[in-house]
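Before we start, here is the structure in question, set down as structure tokens.
Chain naming follows the written order as A, B, C and D, and within any one chain the residues start at number 1.
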């Protein structure tokens, strides 16, 4: 981590960048926040990069692109897909970004640790990039607990797309392969359910939704200035879960709007206060796109046409869906 | 909130017999926003339109709903009426209670209920209508004719004679088309070449006509009045300016084994060739697949013998880009492949031929120099059997469902010509029906039967079997005598179904002109707009639209020309105001809309916006109204809803959905 | 003081539910929220904090106010009936109960919100002491005693037993209804539990958070104009998580839903984090996220206390600390100003 | 609603102006019957059909939604139906994934010349929706009263 700070200070000092977009230490040791740093002092005292720095900073570059001067941004391998996609959509300015691709050993989910019954967490040791990332020692109000790093990882890290940075000016820190599950296994499990089981599954999950919009607002693909659900354009501006249909409409359309653009960064699931596995929507579209139109990974580059702005004469007919099962 | 007037049309009894019009009026009068509601016998009549005018004035209406026939029928009529009443024409919506209601339902209660719902949907939509104003676009005073057969030639001549520039694009080395392959024409038995060649010459000589032979349309962009077309002039390997058409190269060419397209493969031609003697232009092309020079690099004989130095092996395809105001499709036809008709032994016996092949056999310039002889052994036939409806009027999927229209007449012609020239030859025709509507057609057919003794048998040929003695055994049913018959024949001529030239699919796609299941181009209205494609600025000439004989083709060619001239005569066109529009405050500048726009109508610019007090520079989408055709692809691609379609806005469609589902 | 064995909780709930609607913390796929009780739900009294606060029971996230029906050009309007049935919210924590006191000051003062009032009148609160407070808790900062929650009945979960102490008349009435299941007991174990809770509270990381410079004493314009906000808001996603999990946020929007044949007018929680919050014809009077972010905390820590005799509009439940997607929260705000000299 | 208790589904059909709407007109002028449950909304092109419209129809009480456009290759706007085809394929697959009965949505390409196909399709679709019954899984309950 110190290497990141040193390099950032260098780049600030030589004028390459005028600010640094990274993560700032939280007050609890596991709640860092995205932050801008403009001085060496600030970097020294507040900068952090460890297992809890899950936040994808690429979306912040939309605002940073409007500012004068270059911003140094730290992007994890999965964040670089989002950044590419944002370049493709003219939402960020590549020229305004100096990208340091940072290694990733899998990001941690404090909610998972809590779900293991660990209460009153004061600090977590073993989350730093220098550690082996095998075991976490959780100090709590009620004694110390040992937790497996892998078990405490975010879902997305278990189905990691790989630790290659898709775009970066330089790459720092070692990564660790964390993929140990099939990306579409969960989707396939649902697909195998009967229609009623599927319906009940999603009904239950979406019954938790409070329409807080965290999934949407954190999503680098949901970069609309004003979401259709906040505007009058479709007469669908709704904020509250009055009826179960509303959430369904919201989540289907949100997933549809990001279909072919979603890089599967997993931020939606990470931030959902109710723990709804929102990635199951996006990943279904990704799986279908792969199946129907050939494998496609959004954000692999900044040029390729997205699957929903593309076609072939011989594309499958919708009847492939409506007539099956 | 609009003040809406609803007008319910009886359409005589067309609507009123199934829809309780009075009840519709009663219910709709109670709808919020409806300030006036009445019914009338024929809303489209002068008197009906007058009612609209009167109501707009008296009730100060701001929007109009007409419950009547399809908007494809009378939307224009009622828009004009609204305009006369002082309203914007786009404040009119039609509820289609005839085609989509009264005509398809029998139960009056159901139909009435549906009519009410359709009216409500239209009311809901018109409530959100806003005045729209058409823009203007220019008209390029030049027409493109695709296809250089008789249809294309005639269209081009008519347009050119009216004083407009016309280009003909013909994919083969010469104009002339199918008609140039015919020997004689019915019902007057004129020599085909004698009447066609002067037209070809006239076209070639016309100062307003440019002919691109051995060329194809590569790309079409733009829209009515302003098409841009890339024409690919295929490498002819001959310098057209230098060639004198002396023909020496063709004589000397050592590669003479290529089947002649012009003679339907019945004989061969050289690698450097003009398809036929009267070809226009009289400039050969080198068939690079057959040419020894191109295959091996050796030979080059033609270059040596050409005194004009016109041979150019280095020539490459050339793209000519030209702008047009109107495009006429005249791509013609071909006969269907007979691979599915093994029972006629077409692929097995050279003595089983198609009628078009018989034309070449009968023609003095054909493979037999006009002598009627068997192609297998050159013997003079004693008995020729004609089989009608081969692949036409077919109810399985081997052939075509439609009647090819020309076969009855040309078969009568063939039979008559043979009997006339070779009275010794016996001619039998198997037919399902003989169809001879047309001036002097039935008389022509009767002459064949009565004067020339052609033996017509109503019945179908089940099998043609080549015999060991070289003859053909024809097994057929005689439907009138209700018996199976077997005949020995020397030649069998198949009246093969015709189908649109296969190239038409690609062209239709480029032109965004619709095509039917048989690949015939669709006309805008089967009765009232038979030579216009539904795509504005595209006109149809000849068999590409449906089977026709020569007089009909020429008539339609003229009609298509008139329609094209009517368009070219205008200086400006009013553009459809139902175009996409982007709300710059909501636009993300993400380019997804431009990615799906088929017209390149969307561009981006950085503008300073004032978004509720926030001033910033933003990249936003701009729609070029002259280019936008209003498909709406962009509106769905746009995630934020910034892009909307005027006249079919998100909220309008949603309002219709709501009204229907409520 | 009564007690009941945990094994009999289900019987207790079912008895309560005979005469009242009953809301309990229910776990659905790992997320615990208050929900109507029935025999099939998975009750979870061990999780300290429900995701959403139980304010839902009194001030639902969405509620219909009235319905209009259209018949031709005629409209008929039917107001929604006010809550008229007693209901019990079982397991509210000290902070959540205090949250209602904050809402009361908004909804029960003139003009009285009749929907809220009816629910308050019919709502019976069975509060549960926090046997294991967690790291994000700081209710003590606002003078709340986690070991002795307010409410109509106080409940303690100690070992295998649940201790029941009716505090108010409503509580007594409820106790009568379920008395058949309760056994008399003394307060010894409860006192022991209280002491244990207090000891933990003292060790909480935010226990010593200082509110100096906030509340009634705050210099409003100094706080409002502080450059610190400009730094603080930046990671904010403008989502409504903090607002929607908060027990004291009270802002709502009123909207119409088109049912096809009429309109349902409903109100739903709104969030000052949203760009269309208090949107008016001319636009929004808080145009930037910084302003919206500032609004939330100024309201909780300055405006509200200055209008309500020093009562803060925060109860230290720590839900925003737990749930903010970007690690922002009210504690960080308070600390940042402390660091900046409370200016 | 009809007097008897027979289920009368609400069906929304989005038809493109150039092919399918004309096909529906042809079905009409050819007097080819199909149930009155089908109500047609005219759109310029199938690519104008936003998934939100389809969900909206279900929200407001539709039991089935069908979209008709020009045959692939024949789009009046050359490429609209290709985009529509992808959009609808993905949307329908998502609806299936969410446990919505498979037959409630359909896409059919109907040319201006295919009046018979239009009517056959609508008859089939209405039969299908009747067999599926009322749409209870994808609708807003507020619209039911």
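The rule is short, and it goes like this: a contact is a pair of C-beta atoms (placed from the backbone, for glycine too) under 8 Å apart; a residue touches a chain by one contact, two chains touch by 3 or more.
Keep in mind that this is a model prediction, so the values were computed, not measured.
Novice: Which pair wins on C-beta contacts, C-D or A-C?
Specialist: A-C
Novice: Of all chains present, which has the mean Cα position farthest from that of chain D?
Specialist: Of all chains, C has its centre farthest from that of chain D.
Novice: Which chain wins if you rank chains by how close their C-alpha centre is to the centre of all protein C-alpha atoms?
Specialist: Minimum centroid-to-centroid distance belongs to D.
Novice: At what distance in angstrom does the C-alpha mean of chain D lie from that of chain C?
Specialist: About 46 Å, centre to centre.
Novice: Need the CA-centroid distance for the pair chain B / chain D, whole Å please.
Specialist: Distance between chain centres: 29 Å.
Novice: In whole angstrom, what separates the CA-based centres of chain A and chain D?
Specialist: Chain centroid spacing, chain A to chain D, equals 36 Å.
Novice: Which residues of chain B are in contact with two or more other chains?
Specialist: In chain B, residues 596, 637, 650, 654, 658, 661-662 touch at least two other chains, as defined above.
Novice: Spell out, as numbers or ranges, the residues of chain A touching 2 or more other chains.
Specialist: Residues 226, 228, 234-235, 242, 308-309 of chain A touch two or more partner chains.
Novice: Where does chain D touch two or more other chains at once, residue-wise?
Specialist: Correct list: 50-52, 56, 60-61, 73, 79, 83, 87, 140, 142-143.
Novice: State the interface residues of chain D toward chain C in the complex, per the touch definition above.
Specialist: Those residues of chain D that touch chain C are 60-61, 140, 142-143, 145.
Novice: Considering the complex alone, what residue numbers of chain C touch chain B?
Specialist: 70, 72-73, 258-261, 282-284, 287-288
Novice: Help me check something: in the complex, which residues belonging to chain D touch chain A?
Specialist: Chain D reaches chain A through residues 50-52, 55-56, 59, 72-73, 79, 82-83, 85-103, 105-107, 137-142.
Novice: Can you list the residues on chain A that touch chain D in the complex?
Specialist: Listed in rising order, the residues are 187, 190-191, 193, 195-203, 228, 234, 236, 242-246, 248-249, 252-253, 255-256, 259, 281, 284-285, 288-289, 292-293, 307-313, 315-325.
Novice: Quick check on the complex: what are the chain B residues that touch chain C?
Specialist: 27, 30-32, 612-614, 658, 661-662
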